[in-house]
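Common to both upcoming complexes is subunit A, partnered first by subunit B, then by subunit C.
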Partner chain A sequence: MKKIDVEICFGTTCFVLGGSHLQELENSLDNDLKEKINIIPQNCLGLCKNENYSQAPYVKVNGQIIDRATIEKVINKIKCEINE
Partner chain B sequence: MVLAPSMNKSLFIDISCSQIWKTNQNTCGDVFLSKRFPKERRVIAVLSDGLGSGIKANILGQMTATMLLRYVEQGRDIEKAAEVIMDTLPICRVRKISYSTFTVVDCHENGSVVIVEEGNPGFVWMRNGVHMEAEPEIIVSKKFSTRKMHRYKINMLPDDRLIFCSDGVTQAGLGSPRLKGGWQRSGLIEYSKTLLLDNPELTSKELARRITLAATYKCMDNFVKDDTSTAVLHVRTPRSVLVFTGPPFHMERDNEHSQRFIQFPGQKVICGGTTANIVSRELNRKKETTMASGDLPGISVMEGVDLVSEGILTLTRVLEYLENPPSKEIRDAAVSLASIFMENDCISFMVGAKMNQAYYDPEWPIELEIRKTVVRRIANILEEKYLKKVEIEFV
Partner chain C sequence: MSNIKLTSNLNKQVLVKIIQAFDSDDFPRSTYQIPFKMRPKHSDPLYRCCIHKERAAIRERVIAGLGFSVAEDDHEKLLSQYAVDALERNELAGEVLTAIDTACKGCVPVRIHVTDMCQGCVAQSCVASCKFKAIKIENSKAVIDTDLCKNCGKCISACSYSAIARLRVPCEEVCPVKAISKNDLGVVEIDFERCISCGSCVSGCPFGAIHERSQLIDILQAIKSDTPVVAMIAPALGGQFPEPVGKLATALTRAGFTHVVEAAEGADLTILHEAEEFIERSKEGEPFMTTSCCAAYRELITKLVPELEKYVSDTPTPMHYTARIAKDRFPDCITVFVGPCVAKRKEGLQDPYVDYVMSIEEMGALFVAKHIELSECEDYEFSVPSSTEAREFAITGGVSHAVGTAAPENANITPFCIDGLDKKAIALLKSFAGKGVCNQGNLIEVMACQGGCVGGSSILNTPKSAEVKIKAYGAKGQSIRRILETV
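Right after this comes the complex of A and B.
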């Protein structure tokens, strides 16, 4: 099965608006989930520049945007993707 | 500060001093002061050794060094300045010797140097691992016939080094079974030769540190009998770094600025995610970002660029580190950038003046101002505390 891409934004806006916690994502995952995903750190997903998306921090799971991202929200999204 | 990054063709003067105080003293009686005059392309430095040790010596040394620096800075003759200082400062009644000894160095970026010594050990001049002996002109004080100044006019070539020291260095180990007469100037010359042959790239800071340390190792039972100071002056082709931070004001010129950045003939740094994305897009170079670690975002890797970091937070942290170097082993993007600054002589900033839309809301109205202010403060501290040459250009 193709791995799920998890792009975490560590750009300034995302980082100061809570994104720094997302460094812990990998440690919060059980081994099973870890194997199924591909964590890709990014330095700005470009979303912070768009008013509609002014809800940093952002994470993209398989290209789908999660705004106000938290570890919990990201894990839920990953699980959804796996179940689909 | 000059605007617009340009490669400077003249030589860079790398000057630094290292000191170890006399054991059990809480201040140093040797005083080293130096000042860079970017417009005149010149550096003036003074190393003075106040009589005795501790606070009294420190005050004497400070007065001498400060006065000399001011005089020379104002374009006055060192000889006259020295006379005035001899007249002004107190003389030890018992020993009939005065205030403090000194060395003044006035060095231009074309390599021409004037050195005046009064009482300090003779300077050491190294070229390609060989010691060059310079002929002094001897000037006898009009008022104090016992006082003689040595004046030298020399021309340094790229990569020449001058080493100045207080007598704490040349007399290190005096009276010990191994070195009855102390380390002496000859010991210093031999040691410097070996050091430089093995490490021709040594910075002035490191060379000064190693010499001072070697001198104190000569002391019996680790008891440093006198304040020990070494100053090193190195003229060399400048090492330069260009820092690109912030998206350029005119988007249509992104490509031009990216090209100019990548063609810079020195080290290259990008500070800012958007800036990195612009360069990556315009030059079609891949970029990979690493995980954040700790309280700073991580770095990215891009071919041909020495460091790619996040912008404002990292720059702000660099400023903190430059003000107060971190004591513990920290490894973050700011430490990497601060060490790149330390390794280079000329530091240019290309500051993009475009307001980042992300911050252009009531909560972040001043992003551009922050960037400009942080860069200016970094520039000031690099110039004043670290004696670097700094240029800032807004694009």
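Right after this comes the complex of A and C.
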């Protein structure tokens, strides 16, 4: 099965508005989930420039945008992707 | 304690809006619009019962963000008028913290509560345990008469089902000096006779109801003027972003600062003087000395534990030395200290060399508002590099390690760290002063925030990640001993 890409934006806007927590994503996953994903840290996904900044921080799971991203939201999305 | 919460995100969003309003064509009008722009017509509330309450809380956050006290707000004055007043004031007088009334009314005063887990058992040990006859059994459940209950908590330990709980008020719980409490109206009040500006309540309140009175507008005006403005960045900043401190310094120049100086440069002087002072004091037979750089600790001594005063180092703080260096190096400049700490804001107001203090959150908001991306910034060349030891001042153990390294080997320094100034730590410090002895060590380092300044109340990065980055930056510097040889 192809691994799920999880791109985390560590651009300045995302990091300031709460993205620093997402560094803990890998530690919050159980081994089963860990094996199924690729965590890709990104400098800036550029999303804050197109939309309202208050939606930051951003994460992309298999290319799908999660705004106001939290570890819980990202894990839920990963689980959705696995079940599809 | 040092978790970065969603409440702090809300604060930062408000600060971003204030900066954007300042940069707009009509600052007063744009400021007035902030609550309505953040919660537009027909939008859904994010945290509260309705958008109107959220707008009211945002309005009060704007008042604090403009530098005013919310306690003095009469609800009638328009935000546009506050904006005008912010432009016209010369200085920020009074206390640095302010409570947001509208945000506060979330939690009930401290009380004991019987939960649904009560089994209505035959033993009725809760009833027996209560000396005040405040518990009765009604319809096979324990019920507390709140008029009689004295919150002693005996029933909590008596219950075999753990069915009785104490409802806590988080700000009261975390305040180490009983300076904060709910008044009869259920709104928080800070007793500034006792408050040591440690910022515990700022991080501890889940509603984000305690705010710093910001000097952002004063700083933005200074940047707009022709006077050179120097940012003095605390060692804790080395760990706040994925990018190194050099890029952060460049980002500050892009935001309008003329020069950037590391407070670690001043910390080098603090280290050297504190090491000398330690040796002198031990020659005079003093049993121990405590460090002096933590401003909340110093405020604690002044206000509540004067008996410790004689054991505190007289050496000035890194912020003070750095501000003097900056005023000397860049004549007629305006100095702005940037750090994670509420108490430094207070110290800054009292230090004639420090013009303004900016929190790390405010700096982050500045980058967001001005669309500054750190990864696109080049490395800044600091005119004087700081030592490894000074760079690690922001981590618990860093200050005492630095002083130990700078002192000669025969100084026999044994450091002891107070990692977080909670109630227990204060009692311990009091006992040292009372007995005139500290068996744990002769150089006591006191950090009000757990983990050191990286655990301050306005941090952006998690303390763990910040520590790793600061140590990596520290490793690239020279030892304080090398600097000693060249002095």
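As a working rule, the second predicted complex is superposed on the first by the 81 of 84 C-alpha atoms of A that agree within 3 Å, B and C clash if a C-alpha of one lies under 4 Å from a C-alpha of the other, contacts with A are read in each partner's own complex, and residues count from 1 in each chain.
Keep in mind that, in the parts below, a contact is a pair of C-beta atoms (placed from the backbone, for glycine too) under 8 Å apart; a residue touches a chain by one contact, two chains touch by 3 or more.
Not measured: the values here are computed from a predicted model.
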Classify the contacts of A:N76 with the two partner chains as first (subunit B alone), second (subunit C alone), both, or neither. neither
Name the contact category of A:V16: first (subunit B only), second (subunit C only), both, or neither. both
So, does A:I39 touch the first partner subunit B, the second partner subunit C, both, or neither? first
When the two structures are overlaid on chain A, which partner does A:E24 contact: first (subunit B), second (subunit C), both, or neither? second
Have a look at where A:Q64 lands relative to subunit B and subunit C in the superposition and call it first, second, both or neither. neither
Using the superposition on chain A as set up above, list the residues of subunit A that contact both subunit B and subunit C. 10-13, 15-16, 20, 23, 41, 43-44, 48-49, 54
Can you list the residues on subunit C that touch subunit A in the complex? 4, 6, 8-9, 12-13, 16, 38, 241-242, 251, 364-365, 367-368, 371-375, 460-462, 465
The residues of subunit A that touch subunit C in their complex are 10-13, 15-18, 20-21, 23-24, 41, 43-44, 48-49, 53-54
Going by the contact rule set out above, which residues of subunit B touch subunit A in the complex? 272-274, 276-277, 287, 289-293, 295, 297-298, 300, 308, 310-313, 356-359, 361, 364
Touching subunit B in the complex: which residues of subunit A? 8, 10-13, 15-16, 19-20, 22-23, 26, 39-44, 46, 48-49, 54, 56
